[in-house]
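There are two complexes below, and they share chain A, which is joined by chain B in the first and by chain C in the second.
The block that comes next holds the complex of A and B.
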């Protein structure tokens, strides 16, 4: 058995580009899924009855589906629904956003619910409207509480971006496996892929631990 | 747009076999990660110091690497290292178990650490041995607190088995891909697969939500 690790260095540009796409997907998905998650959570808590049902159904559906299936589904169904030929990257982004929005909505809902009712009552007694009480009293406190949960969703999302490789989005997992099949250096490329994910993911996992200590809820 | 769902009926047996493999893989890797998770957590909490460092590295590494990468590495690269080839199902079982055990270990650790140290001290004052303290004081209380988190892990396990399709394990995701590819009706097939996964997962997550409410007061001390 001889290993030739130079193959990793030879493809450094492609791997770097793949890593860039992975990070881009993570950031873009979170940028979409946080505001959308807040909207869905607020609709689910305060919206009119039919909208509440739709929001609940959406959250429950996407929490109960494997992401890889959502990715395939988006790849085949989105072009037909929208009539647009979306590039794989946009399809992957859509699938990830649909999934993470559902999780974020649940996180925000739990965060909002964790703020005691008395606070809203007090805010309204002081003459604030419901919207003001939500925006200025409940959300700022809820946000602080759910930061650690959002951080751990972030790490899961970072790892889950690897799943869009099945629809040929050129992120880290896809490019590594492409190089593997072109060069037949299986062990080298797969180990390099795992190592790059580890180097990026390990500090993030440690950061989540730190967040969980830092923002521990004490009442 | 016309949809023709007869493709589902035509391949009902094939898809059902996929459901069977999904459930078997989920049950085995769920059980495996539970056992391994307990061992790892106990080593982390009570093991010798040099072993603790290794165990922490293992847990944090698994939290940092995607399941897809673990599965692909186990199936394609591990045989090169060991010289043994293995069928996809076994590779998936090993990969999922090793990955999920890290999460199970964190659940076990959190459960055990949530039992106040005063209880351990009181037990020691009463003359119980360390093993007795863990077995008779700490674990019975900690187990109740771990239950809901294990439920969540079960639903994650079922979802993660779908990723085994990437290494050609004939579970529901893979079988759906095959049918979709042969029949050129991906929308019907994948939508149906969504329904099946939802039917498998929804009772689990609902059960977990219930468990959270039912068990919460039992774990108080």
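The block that comes next holds the complex of A and C.
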């Protein structure tokens, strides 16, 4: 069996564009899922009862569905429900955001719950409102505590973006598979894809390790 | 037991009544934390609340600034009944400083930022002005060299002094101390008590829950002995420590090894 690695180089532009889309999807998903995660967590903790129930239902639904199912669902069902014909990239982004927001909401909820009651008492004793206590005292501490968890979610997300290839979003996995089926260079393309994912993912994982040390809680 | 509280022997009784507790009742489910507490705090007085753990001293303090609600009786602050709604309570809390057993400094902020936080967030003071005030307060508690330190880098005694400065930065009319030295190493207790003593000498009205009997004896103007959610005896420190009138007070003090 002979290998032809030149196929990777020939398609470098497409691979680079795919890699760019993968990074874009990761960044955009987190940019949506972090603020939305905070909102869902706060609603679940402090909202009126009906809203709490809705927030809890949302989190438990999307946390316990396979992501690939959510991606398909967003592709086939979302346009029917909303009447909008979203392009594949936006559909993939929506599916990823729905999933990661649910995870982030749980992370934030755990972070907020980990701040002991005395901290809120101290803030309230100064005359702060509950909202001020949350913004100035609880959230900044909670964020620090959960930063390593958010970073792990980030690394998982980076790899999970490959799942939106099933709805033809031209990210790294999709373009690699396209090149493979056009050239029949299976091993070369899978290796190239693995190498790119790994080279980008490994530094991120190391960065997470570093953050876990850096932001260890000291009280 | 107001008959054990003859105001004639109360030096600062001429001052306005800053806080009045009347028949205060607080339940936690079946547990009666406060069972009808009557107590007055006059302007400029240091009132010490002593008694065994779980006797209701800290609960009374937490009811004073509305961190806990009461089920019965009244608490008056500066002539007005303590509000029940959060908005008015916030106004009351700004005039009452509170110091906690476990300090509760904000660990993500420096000492200076901790002290400036109240003026900045609650009083909406400009950052420069808030910092200037915070520095003055840190100097007052003897920590002008530690503005940039995070709480985790400070000793327990230093943390508690920052917490006192944080409360003072709101320029309160009353300071509430909830066992301020109970979580401290013996060698740092003194520095905190000294700051409190200085405050008392400057005329600050203080309500102090404490197990430091010598502090209550020397600095207190009035001492209330708690047991099972009631005040079993109150009076000037000489009476409580030298000539207690109830068996329960004698009992409590002898358990502490208090020998006068």
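One rule holds for everything that comes next: the second predicted complex is superposed on the first by the 217 of 219 C-alpha atoms of A that agree within 3 Å, B and C clash if a C-alpha of one lies under 4 Å from a C-alpha of the other, contacts with A are read in each partner's own complex, and residues count from 1 in each chain.
In this text, contacts are C-beta pairs under 8 Å (C-beta built on N, C-alpha and C of every residue); 3 or more make two chains touch, one makes a residue touch a chain.
Please read all numbers here as calculations on a predicted model, not as lab measurements.
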If we overlay the two complexes on their shared chain A, which of chain B and chain C does A:64 touch? Say first, second, both or neither. first
Chain B versus chain C as contact partner of A:159, first or second or both or neither: first
Chain B versus chain C as contact partner of A:186, first or second or both or neither: first
Mind working out whether A:129 is in touch with chain B, chain C, both or neither, as first, second, both or neither? second
Examine A:2 and indicate which partner it touches, taking first as chain B and second as chain C; both and neither are also allowed. neither
In this superposition, the partner of chain A with more touched residues, chain B or chain C, is B
Once the structures are superposed on A, label A:205 by its partner contacts, choosing first (chain B), second (chain C), both or neither. first
Dual-contact residues of chain A (chain B, chain C) none
Interface with chain B, chain A side, in the complex: residues 1, 60-61, 63-69, 72-73, 76-77, 80, 155, 159-163, 165-166, 173, 177, 180, 186-187, 190-191, 193-194, 197-198, 200-202, 204-206
Touching residues of chain A toward chain C in the complex: what are they? 118-119, 121-130, 132, 136-137, 140-141, 144, 217-219
In their shared complex, chain A is touched by residues of chain B numbered 1, 60-61, 63-70, 72-73, 76-77, 80-81, 155, 158-163, 165-166, 173, 176-177, 180, 186-187, 190-191, 193-194, 197-198, 201-202, 205
The chain C residues in contact with chain A across the complex are 65, 67, 86, 90-91, 93-94, 96-98, 100, 102, 104-108, 117-118, 121-122, 150-152, 163, 166-167, 170
